[in-house]
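All chains are identified by letter, namely A, B, C and D, in their written order; residue positions are counted from 1 within each chain.
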Amino acid sequence: MPEASVLEVKNLVSGYGKREVLKGVSINVASIEILAIIGHNGAGKTTLLKAIFGLIPIWEGELSLNGGTMRSPNPIEMLAHGVAYVPQGNRVFTELTVRENLEMGGVTLRSKASLTEGIERAVDMFPALKLKLHRTAGTLSGGEKQMLALSNALVLSPRLLLLDEPSLGLAPRLVSEALMRIKQISTDSRTAVLIVEQKVREVLKIADRVCVLRNGRVSFSGPSKDLVDETKLREVYL
Amino acid sequence: MESFRCKGLSKSFDGVRAIADLDIEFPSSEITSIIGPNGAGKTTLINLLTGFVRPDVGRCFLGEHDITRLAPDRIARLGVARTFQDLKLILQVPVLDNMMLARPHQAGETLIGALLRIGVAKEEMRNRDEAIRLLRLVGLEEKATDLAGELSYGQQKLLTLACCLATEAQILLLDEPVAGVHPDMADKILDLMRTLRDEGKLILFIEHDISAVRRIADHVIVLDHGKVRAQGPPREVLERPEIMEAYLA
Amino acid sequence: MVSQLLLNGLIAGSVYALVAVSFSLIYRTVRFFHFAHGGIYTAGAYLCFTFYSLLRFPLFLAVICAVLLTAVLGAGMDILIYRPMRARHVSSLVLLIVSLGLLIISQNIVSLVFGDATKTLRTFIAQAHDIGGARITSVQMIIIAVSAAVCALTWLLMQFSYFGRLMRAVANDRELSRAVGVRNDRVIMLVFALGSALAAGAAILVSFDTDMTPTIGFGALFMGVVAAIIGGIDSMPGAALGAVFVGLVQQLAAWKLPTEWQDAIVFVILIGFLVLRPQGLLGKRRIGAETI
Amino acid sequence: MELRRSDLDYLLHILILIGIYAILAMSLDLLVGHTGLLSVAHAAFYGLGAYSAALLSVHFGIPFVLSVILGMLTAILASLIFSLPSLRLHDDYFVIATFAFQMILFGIFNNWTGMTRGPFGIPGIPPPSILGLPIRSRIAFVFLVVVFAVLCFQIVSRISMSPFGRVLRGIREDETFTRALGKNTVRFKVLIFAVSAALAASAGCLYAQYLSFIAPTSFTVMESILVISMVVIGGAGSRWGPIVGAIVLVTLPEALRFVGLPNDVAANLRQIAYGGGLVTMMMFRPQGLIGKYGFGR
């Protein structure tokens, strides 16, 4: 029996009000795999993550986690099933301290012990945060905010991470470092990652498979090796 | 046709430089496309040029007229019309009312005109004919009496473009005119932009779909982190490594 | 003479502080002016009067019951009225109009049930003390002490407790708090409960010193709103600071001008702040201006 | 059923009240329903009209028509003083600014005893006389109020049907888009605020000359909220909505009188009815009894 994929989405249709953004998207993420979603603005990348996580309603289509279908997903249910989501641009609670952000990341954890244990583990991965636990998150640099946003999600030791453009707002030289960190986390804590990114060449370096979204439909899906050479990438992406 | 340019334009939002010291002369009667990754400052540039956001430093010029400090509606009345990334229209009123709202210099819009109605009826007729002519140009004539909210998304995008034309602006700044629009509607919008340029209008548009840029842009500006990475004719610019770097890095 | 005015300013200021803190607590979380807070304030005082004077509860028990029941009232308003409207994403104009309606309803129910004659909780004799030439009764001293303590306690609760963190998270970024799994609607309901309890506390404190009429909520609400805006609607310490500022200004104005001009002066200052510095003394963001 | 003299007078009294409140509701709807601006200062302008008419006619014997014009001009001046600084504010903050303005003007009516005799109000306001004809009888006054109401209806309808009204609805639905089309939205808001204030003041002049006595208690913020209820319950943004609202909220409480309730209980029930109507309408039927605009439902 092939390994049940962590996440299975079948012809998902969703959008905002009158505007249909996703016009039947099917993807699946294996248990310890990094799947990158690339595509132009307005192609529906962010909408896809929001629909999967239950922040916006699914108009049509099916979604299943580890084989079990989820009728109308909502964030609390998804978190309970080990799925964590980091919104676009590494959003953090700017008016709360770094430690408080981490505590909010684990707000759905039942016991105090698992919360402190989760925070310890997350902070070990990002030593730079260890020194700034009492700083308000708004004062952190772009790179530090990215680390904090990621660790907020890691407090729950999720099995699947949904990341929306973690490189947004980062200085160019920090981008590859940030994406390497995500690769590290995926392998170390055996977490599947569904990552939406604009910086295509950088994300291809860490992704096992890649999907190209164009106008709400998957226009290409396959191992990222296929897109490494420029001409194929240009033809598919531009 | 007056020149349209900005000099030494900079703007940062709580520490992050969205626009860094831009000097751009937008070629008149041409279609210029601004491309660049998310967060490159494209929308901010349009907001600065149309007075919706004040620059920290630098100036914008329409011909010799310094329009930097003017209110957005003053700049619009000088002939610089714009659309918005999140589609903006008055959805609760008919298509024709949106167009009539856009018509400039209406005597009926003064309090005296509204109360005494002298010559307002004639003026309304003239504006109505012009509005219907423009709706015919964009192919929405038979939708004139429908509520704007009842139009499809693509048709609404077309209507925002038509509203810009109704203001009699010579300079059009379009923020993602074909994003998320059905391909044949996108072709319609791109063709319309081409005809408007042929009529002498200066068109500046933000776009992510490089194939659309390749098809109709006379001039391309690659923006990344608030700086111009490259600019020039599309054939030349789109092949250059910087554009790939900016986009795919 | 000046010391008396300063003292009076402090007494009035400390009450406004409680109202301002409770008002800004609710505003920061739901982002609209909950005018019915004035009705909640009045309900608090009259409930205490009912338990204490009518039902002969011991004072301490009467206060607790009144505060808890008012908290339930406030939470009920959120659940029954604001929550369904929030779900429909109505404009804040609609929420404002509804809260005006609720203000009138609550104020008139109190007046219907209790009549318009003044009611009082002032049962014990308040001895006057003399501090530096100024007269202050023991009750007034209690008012200053208790409201300062309650304001500090609320600030501590917000800064260091689990529930306080939830409230600040929802106020800071409602979509992100939903993404990390917070039940926003429940937190908002609890904020209404806490804010209403504080308003009841303020009303009860005041009614130990001055008699109550069904319209006391309206005046207190408005001074609380003015204090919160002048102090900085986004910061609770700011709201308390604004309250003392308003109390002092009112008293100092009374020194120069006939007393009836007290309120008008405060409103003139409010318009000055609204126009020149809407974010108030301690606030951060430029609120109220057009943002695209 | 033969109408006794007092029944007729009572009926005419109700008609006059409906006329005055219809003018207030129509003029407020220019702001709330057409432009999307919620103001709780309408009673302040209503009072400004009443006080100017009263003072001018009592102290200077100014004829009625002139005192109405002067009353309206005072209100326009006051609205300009208020709107220029605060029309930049939005939603909640604009409402608070109108709240403060209402309180300040009420403070003036109630405290400037030298000018307004404060809480004692101004008695002995002569009845209006037009072209030398004093209007004493109620029937004549009803006719006068109807003329004012029809004039006000004309003004509101013309503004609403004109391109000027089109821009107001544009400001209500999306002010940013309307500005991007080249409309100076602040100028439109200042103008409509002045028109609304002037019309409210005209209602004040009528009220003063009708009652021949005015006191600050008729111009409180509660009165502003009452007029808001009329606009919302009747149907904001529609030509007849505010008039229907005025009729309902003037006659409804009078019905309570026939139930034989003690006066203050009736007053409380009336307010609860207004507040209740406001809340239920906003929750279940924001477009009001006969309106269409549902406050961006």
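Methods note: a contact is a pair of C-beta atoms (placed from the backbone, for glycine too) under 8 Å apart; a residue touches a chain by one contact, two chains touch by 3 or more.
Computed from a predicted structure; not experimentally measured.
Among the chains in view, C has its Cα centre nearest the centre of the complete protein Cα set. Centroid analysis (C-alpha atoms only) places A farthest from chain D. Remark: chain B and chain C have CA centroids separated by 47 Å (rounded to whole angstrom).
If you average the CA atoms of chain A and of chain C, the two centres end up 42 Å from each other.
As a whole-number value, the distance joining the C-alpha centres of chain A and chain B reads 34 Å. Per-chain CA centroids place chain A at a distance of 56 Å from chain D. Residues of chain A in contact with two or more other chains: none. Touching of two or more other chains is recorded for residues 292 of chain C. Multi-chain contact residues of chain D (touching two or more other chains): 176.
Considering their complex, residues 32-33, 81, 84-85, 88, 90-94, 96-98, 100-105, 107-109, 111-112, 115-116, 222, 225-226, 229, 258, 260-261, 263-264, 267-268, 270-271, 274-275, 278, 287-290, 292 of chain C touch chain D. Of all residues in chain B, those touching chain D in their complex are 50, 52, 71-74, 76-77, 81-82, 84, 88-93, 97, 100-102, 104, 106, 108-111, 113-115, 117, 120, 124, 163, 167. Interface residues of chain A facing chain B in the complex, by the touch rule stated above, are 18-21, 40-42, 89, 142, 165, 168-169, 172, 175, 198-202, 215-216, 230, 233-234, 237-238. Within the complex formed with chain A, the residues of chain C that make contact are 165-166, 168-169, 171-173, 175-183. Put simply, chain A touches chain C in their complex at residues 53, 55, 75-76, 79, 85, 87, 91-96, 100, 103-105, 107-108, 152.
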